[in-house]
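Once you scroll down, you'll see the structures, which are given as structure tokens.
In the two assemblies presented below, chain A is common to both, partnered first by chain B and then by chain C.
Up next, the complex of A and B:
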């Protein structure tokens, strides 16, 4: 861009402003890696739990503890992304607080379940209800429809799970992982790769 | 009567920089260079003009042993940008319709 001092018309100025704001918005692309990892883990744990109920053969350890392991790759990917990023968006702080809140709530709910031995049937509905919250908000803030739909699917399945048995609930949980995180994550990853090659 | 266009902003590269910075919280020099397709030297000069006008803050730091220049729009810069856009709109639509 050459410095054509004060030679722009008003229309050219407005066009330039729109063009630059558009360029900045199109730069808000994440790798989607954290979303993919989280999605795979939820699907894996849900299907494994479903298998235990289906075969009536229960493992000696709680497979859902693996979810807490997801924190490690999440931190790794966010540090990696931060190092690569050349700008900080206005919404980043909000998103950090939102997903941290989600993580804390999931932890507290899990702790509550383990301490008071709540009815697992109702807690799966609560987990799916919570999965929908950050997913729907993130989708809405970034105008990313796959996550908006993912959040809505979590809520629909949360309601549906109130009428099904625990084994079916686990299949619903796997569907939440698929629609709320894995599919949107893969879409983000493909967009990111496409942008890298451009 | 038409509002006078801010001469600091009514320049292609400076306007491009401010438009990018209004869209993000802060950005590296390399991001601005990449998006505006400007040369490093020219961009540096224009960034300094914006900084001198108090429209942006420039912070120089080191990241992984590499120098890094971070630019951020100031409150004064946001006000100036909004005034500039209003002035442009008054030129484009003089009857205010």
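Up next, the complex of A and C:
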């Protein structure tokens, strides 16, 4: 390949950058599956906890330990995505840091709860607050409105949960899973499927 | 207009220059980090002194410093917004990051006001200091911010082993490491690159 072929005009360079951004956005669509899995799990655990409070019948195990199971498909999806990709965009790197930091924060918060005992009521508010942060930022960075709204809903429900009992908090938590992850995940998944058929 | 030719390497340099430009913008805006950093640092240390040394019962009133800090920050933000010519892609990400962090601080303050300020509130704030600075550091590829964020996470965990009275010092330490020192370093770095 000669040097002339290697050269690009300024317009071509900007086009290349735009394409990279476009590709990154398209590749983000494929990650809808992880969002769906996470959303279903949060909804499932929340409703199961709500059921326990509602019926006053408590299980012998902590249903929230199931959340750790979500890590397995998350790792599977991210490895699969990584194998497909030819490059990693700056946005995708940012998302990795963002969600990794979210994981660290959830770990620190869980550590705090285990250390300071069982004020379950306020801890659900804090978890919903944490859910809103990466969801809102991801939505903002990718200009994906369902996730921006999802993040805002998490924060509103986080405040509202300070005025309700723990059983209602669990329904709020399920709503967070629905609006922050499941619905945006389904939208992303449908876009991805539509794109594949085109 | 004469078209400028870029090699692929030059294109990558262009992308790198976007990061540098954002870093410079943030460096210019480091006064926000410094304003919030110093306001919080003063509040934490003053509360510690008033509560533990002088035994002043209304020690929490020092946090009213946040009100003038907010007004100054909004004023500075509006003034800078008018001056700024263009926003980079990374700049956009930073905007959403700090918008999200701002709302989170508000929601957290609300939750904690209902829980009671005498509970262990500092680990949560330190956690959020870490979250914002760690991601900013990674976005801007600026290690002192990354280190500051990670240190804040460690301090958030560490503070849970101490009583409320001493958690204030952890808060002051976290803000010093994650906001104030990196902001001065960023400012100095930008001054040296623009010379």
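The working rule: the second predicted complex is superposed on the first by the 166 of 198 C-alpha atoms of A that agree within 3 Å, B and C clash if a C-alpha of one lies under 4 Å from a C-alpha of the other, contacts with A are read in each partner's own complex, and residues count from 1 in each chain.
To be clear about the criterion, a contact is a pair of C-beta atoms (placed from the backbone, for glycine too) under 8 Å apart; a residue touches a chain by one contact, two chains touch by 3 or more.
Being a predicted model, the structure only gives us computed values, none of them experimental.
In the superposition on chain A, A:136 contacts chain C only, with no contact to chain B.
Which of chain B and chain C touches more residues of chain A is settled by the count: it is C.
In the superposition on chain A, contact of A:126 is made with chain C only, not with chain B. Contact with chain B, but none with chain C, is seen for A:92 once the two complexes are overlaid on the shared chain.
Once the two complexes are overlaid on the shared chain, A:162 sits against chain C while remaining clear of chain B. Shared-chain residue A:60: touches no atom of chain B or chain C. Once the two complexes are laid over each other on the shared chain, residue contacts for A:104 go to chain C alone; chain B is not touched. Residues 6-8, 10-11, 13, 16-17, 21, 90, 93 of chain A lie in contact with chain B in one complex and with chain C in the other. Within the complex formed with chain B, the residues of chain A that make contact are 1-8, 10-11, 13-14, 16-17, 19-21, 23-25, 27, 83, 86-90, 92-93. If you check the complex, the residues on chain B that touch chain A are 5, 7, 10-13, 15-16, 19-20, 22-28, 30-31, 34-38, 42, 45-46, 64, 84-85, 88, 91-92.
The part of chain C that touches chain A in the complex is made up of residues 3-8, 10-11, 14-15, 19, 89-90, 92-93, 95-97, 99-101, 103-104, 107-108, 110-111, 114-115, 120, 123-124, 127, 130-131, 134-135, 138-139, 149, 153, 156-157, 160. By the touch criterion given at the top, residues 6-13, 16-17, 21, 90-91, 93-94, 97-98, 101, 104-105, 108-109, 111-112, 115-116, 119, 122, 125-126, 129, 132-133, 136-137, 139-141, 151-152, 155, 158-159, 162 of chain A touch chain C in their complex.
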